[in-house]
């Protein structure tokens, strides 16, 4: 533990966040996501939900302002009326850290898997909300 | 994730709990404990407190009934009037899983370090309560 | 060993089952299957048959309810009148844990090898029944 | 699997048995023994009892005829009237393979741990009989 | 060394033979074969010829009865009148263990290299007979 | 790079600082210190001096308030009138982060080597000031 | 540290520079470059800017005189009037070590990533100037 | 060091030469060759020239007599009148060990790189003669 | 395989013989020796007897002429009238390579184990002669 | 290869020389020295003599001026009239780089082995001169 670093960020996760560069992506995956199967680098964060982790990460992690949509979510299956409430939580946390205008890309399930496979890292949480997976693209520190 | 396994137990921790045998010890260490320095095997559980972890572990983990005191705590420094409230939580969780009579051994700080060094594993939590470290000695499955 | 965990599940197998996510597959392979040759991750379970292992695994492992057929078997060679009795055992164990309607996919031998190669893990048993290999696709914990 | 090799012997265990030399010891440990903690080399044999394993091992493994007692058991705690039935099974299997005269050494629990620690390998079974642990000292192939 | 296991079979080779499954291939390569260059798994058997090794292996190793030709040899270069005597030795050893009808596939040198590259293992012997390389396809234990 | 983390802190160093617990020590070593020879964990910080690194580290790293002297320096050889100016820099940086009263322990060269050997990590800088080595003992995050 | 070797060159970097041969490339990457994600071999040089590193490297490292342009920069995005000042620093350092005529290749961002991916090594600095990334192609020692 | 083995042959190089089989290639590379970048297996022989190494290697290493040209050199760039003197040294050493008729293949620079990449090993020398790189194809021991 | 190197010497064994220096010892162990248990470096030579190996090794390996007895054998147990015939073979091979005067040290079994434990390497053969183990101390190449 | 770095210094050796700190020792060992057996870190420099290596190393490597005798040699055995000529070469190279007054410590053979065992590294050369081994203690870069 260190002063000013939230306890939810493990030493290994902090190291990974620091190593990432402009354009690299990190996936915060829910408890059912095939994280261990797809990840180039796997960080386990068992027992945690995504919002508290997202909050801690965005304190340090800049989103990419060179692309239109630096955040990606897994699209609701066409025809499914479900509207994931957790997305509102994400939006509010992201607005707080990265400004109001941040746009979200909606990605189909299998394309999402492809993105996860080439992402720099996947954080395996125990988030139980449906459609809770989220990808963050890293921006630039000036 | 699996049916009936609490999400706070990581795959690695579950594996370690299963590998341990009669008399092996595991340390649930607070956020300031020198876990990485002392551990033969280190499990990180950043962002969690000990009571919720203890509850999940004891669902599966039998305490040693062949010794008088299968649980050890780090003794309050002599002269310090502090009475750790978290111990009551521990007692109540342990009573629930292992029966009323379970006794606690009080161990001096440096002896506690020695026990941690030879323990089978240390789980590094972010528990912030003072004197929160606890050692569990594994019993027998019949 | 732990309370409530069948002894046939090794620590490593339990860890693998926990790590798997939605859509990941595990193969329970018979004693003659080229498990070591094909596996991304290999778990040995020498000396055991598949039914007792399947029973233990399904106590914890949810089958995928998002696909039509979450279980796959290796098809009897066309023209061969053999009707594998062990499939009835599998069906009864699966019905018990996953409900009556669970459907089985029949896969040709070489396609089965392909599936095994990209599965998350293969468990090498000593099952001696013909056509005893079985693939389970993991579902979601809610 | 191979012709004439019992399925309960894993490839790794067979390799270990072959590597051992005159005077090396192997422990067949019950399900509660701290095998993973003590072993120089650990072979898991989850879900199996010791007698079937002992039978398979002694088909290939010669006991040391240069010492008086090439087999060691963990002594019943003084005062405990318990007389382990499983020892009779062991005796009968050993007589069958190594001759009637084979003698057993009775070793106190903590001395037994010391022997296990310096043994060539420990096989972790799920044997549930009390006092089921057994040490075999390898003899000579002529 | 173990009772009933020929000394020429190293612990590592025995382990490999046990791990192989139905359809997996093993190459017994002569002293000039580029074994180390091609092998997925390499077993060295320096100083030995192939016949004595083949004899020992076939004591345990079943040939595949589901294919027409479970044994492959490297074809004599077209136009070369050489008729490898060692093949007669192989035939007699194989007939002894697998029955009279076992057929041999003749494979061109570069196709043989391809087979060797995807074989489960290559055993590098010091066999000096021309055209001495041989591939065995593993069958089924019933 | 991350928001609010000085660029001089490498991902590996940040991870190490986070892993350390109460009482663990870290050595900031000058360019001539035998760091690679003594370190349990070595972090290279070539081309940097110690003051800028110390400043960055103490932004996050609490000093131990449970010991009298949480900082140690390498004692000037008796008889040498040299008074290291860099110590004043250290004192001013430490006062800024840990308060005025922080006391420094003076340690003889060979005892310093012993401390370095059992420290959690050594950071190898290129500091060229004489007597520039410094040990920090980690405190507690409340 | 050694006589005549600038302290900013870490032992690992020096080794890498020595190992490189004619035509191999090294990338000096700025603080936001996705170095860890792309590198075949990664050297961290946190806290440093590129010019001081370039100066130290070129003292030992010959540029390739067999190609027209042995140095590559990341092209300013078309339409962007920005004219990177740091390029003048690079030019002056390179002129000093490799002669006036050395030409620079301008490479588009994604082609630059491709070059970085197949480069022998990437040095991750904390350079903050825009368009500060630079690739050096190694020449010949005569 | 051993009796009859030239000191210039390192233990690792001798091992590699022994492991190679019929048709495998080894590259003796000059000091500027990108050996570390291309090699599947790299042997360093810093400070040595190629002729003395070639002499030592050919004492043990048979050239391939089944191909027309078992030795390959890097072709002089078309138009360059340079005629590498070192080739005469090579020819004389090779004639001495492999007979007068041995022919040399002339390979273009980039094709040479391709051959080096798939060679069994590359020996990185400090040879400074232009066009000094040489590839040897291993023959058969009868 | 190489010209002039006996096929019984594996690449790994040749490498080990070359690495050894003045005073280092190598053990040629019989098939029942606990080689894998004691060896710092283990070379397997399954299926071979010691005399043929000794012959091949001594072609290259100088015995230590600075000690009185550069060869050690395992002493016959006091009282046992057995006179190992294989020693005569050893004596004749050693006389041939190292001269008539070479003396043998007789070492008690447990002291022999101690010597084997600190030897540079142990070669595990399948020698079946009693008292066949032999230690060679390396001499100097001039 | 790099400008100004002698080709005899391998990348690995240069890295080791840079990593060493004040008081660390390096051994330049002759061809018969048990280098591989004793070394914490081993650098092979087969085919080279010590003087040319010593010359290259001392161009960069400062000797320790804080001890009386920063260089150690292996003492001639008492009674042996041999006076190693190579020592004069060493003296002249050392005088050239470190000044006239540098003194040599004479160390008995077994004490020399002890020093080698705890040295930072040993360089295994093929030096054939008697008593050619030499230890250098690293000094300080100011």
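Chains here go by letter, A, B, C, D, E, F, G, H, I and J, matching the order in which they are written, and residues are numbered from 1 within each.
Note that contacts are C-beta pairs under 8 Å (C-beta built on N, C-alpha and C of every residue); 3 or more make two chains touch, one makes a residue touch a chain.
All values reported here derive from a predicted model rather than from experimental measurement.
S.K.: From subunit A, count the fewest steps through touching chains until subunit I is reached.
M.R.: Minimal hop count between subunit A and subunit I: 3.
S.K.: Determine whether subunit F and subunit G, two copies of the same sequence, contact each other through the same residue numbers or different ones, counting it as same when over half of the numbers at the interface appear on both sides.
M.R.: Mostly the same residues.
S.K.: So subunit D and subunit I are the same sequence; what rotation in degrees superposes their CA atoms, nearest 5?
M.R.: 70
S.K.: Taking each chain's centre as the mean of its C-alpha atoms, which one ends up farthest from the centre of subunit E?
M.R.: Result for max centroid distance from subunit E is chain F.
S.K.: Comparing each of C-D, G-H or F-G with D-I, which pair has over half of its contact pairs in common by residue number?
M.R.: Of the listed pairs C-D, G-H or F-G, the one copying the D-I interface is G-H.
S.K.: Distance between subunit B and subunit H based on Cα centroids, please, to the nearest Å.
M.R.: Each chain reduced to its C-alpha mean, subunit B and subunit H end up 62 Å apart.
S.K.: What whole-Å value do you get for the distance between subunit C and subunit J if each is reduced to the mean of its CA atoms?
M.R.: Here the centre of subunit J sits 62 Å away from the centre of subunit C.
S.K.: Taking each chain's centre as the mean of its CA atoms, how far is subunit E from subunit I in angstrom?
M.R.: Once rounded, the distance between the two centres reads 32 Å.
S.K.: Would you pick out the residues of subunit H that each touch at least 2 other chains?
M.R.: Only 1, 10-12, 19, 31-32, 128, 141 qualify.
S.K.: Please list, in label order, each pair of chains that touches.
M.R.: Touch list across chains, by label: A-B, A-C, A-F, A-G, B-C, B-D, B-F, C-D, C-E, D-E, D-I, E-H, E-I, F-G, F-J, G-H, G-J, H-I, H-J, I-J.
S.K.: Flag every residue of subunit D that touches subunit I in the complex, lowest number first.
M.R.: Interface residues on subunit D, with respect to subunit I: 19-24, 120, 140-142.
S.K.: Going by the contact rule at the top, pick out the subunit D residues touching subunit E in the complex.
M.R.: Residues 1-5, 10-12, 14-19, 59-62, 141 of subunit D touch subunit E in their complex.
S.K.: State the interface residues of subunit E toward subunit H in the complex, per the touch definition above.
M.R.: It comes out as residues 29, 31-37, 128.
S.K.: In the complex of these two chains, what residues of subunit F are touching subunit G?
M.R.: Interface residues on subunit F, with respect to subunit G: 1, 6-13, 31-32, 44-48, 52, 126, 128.
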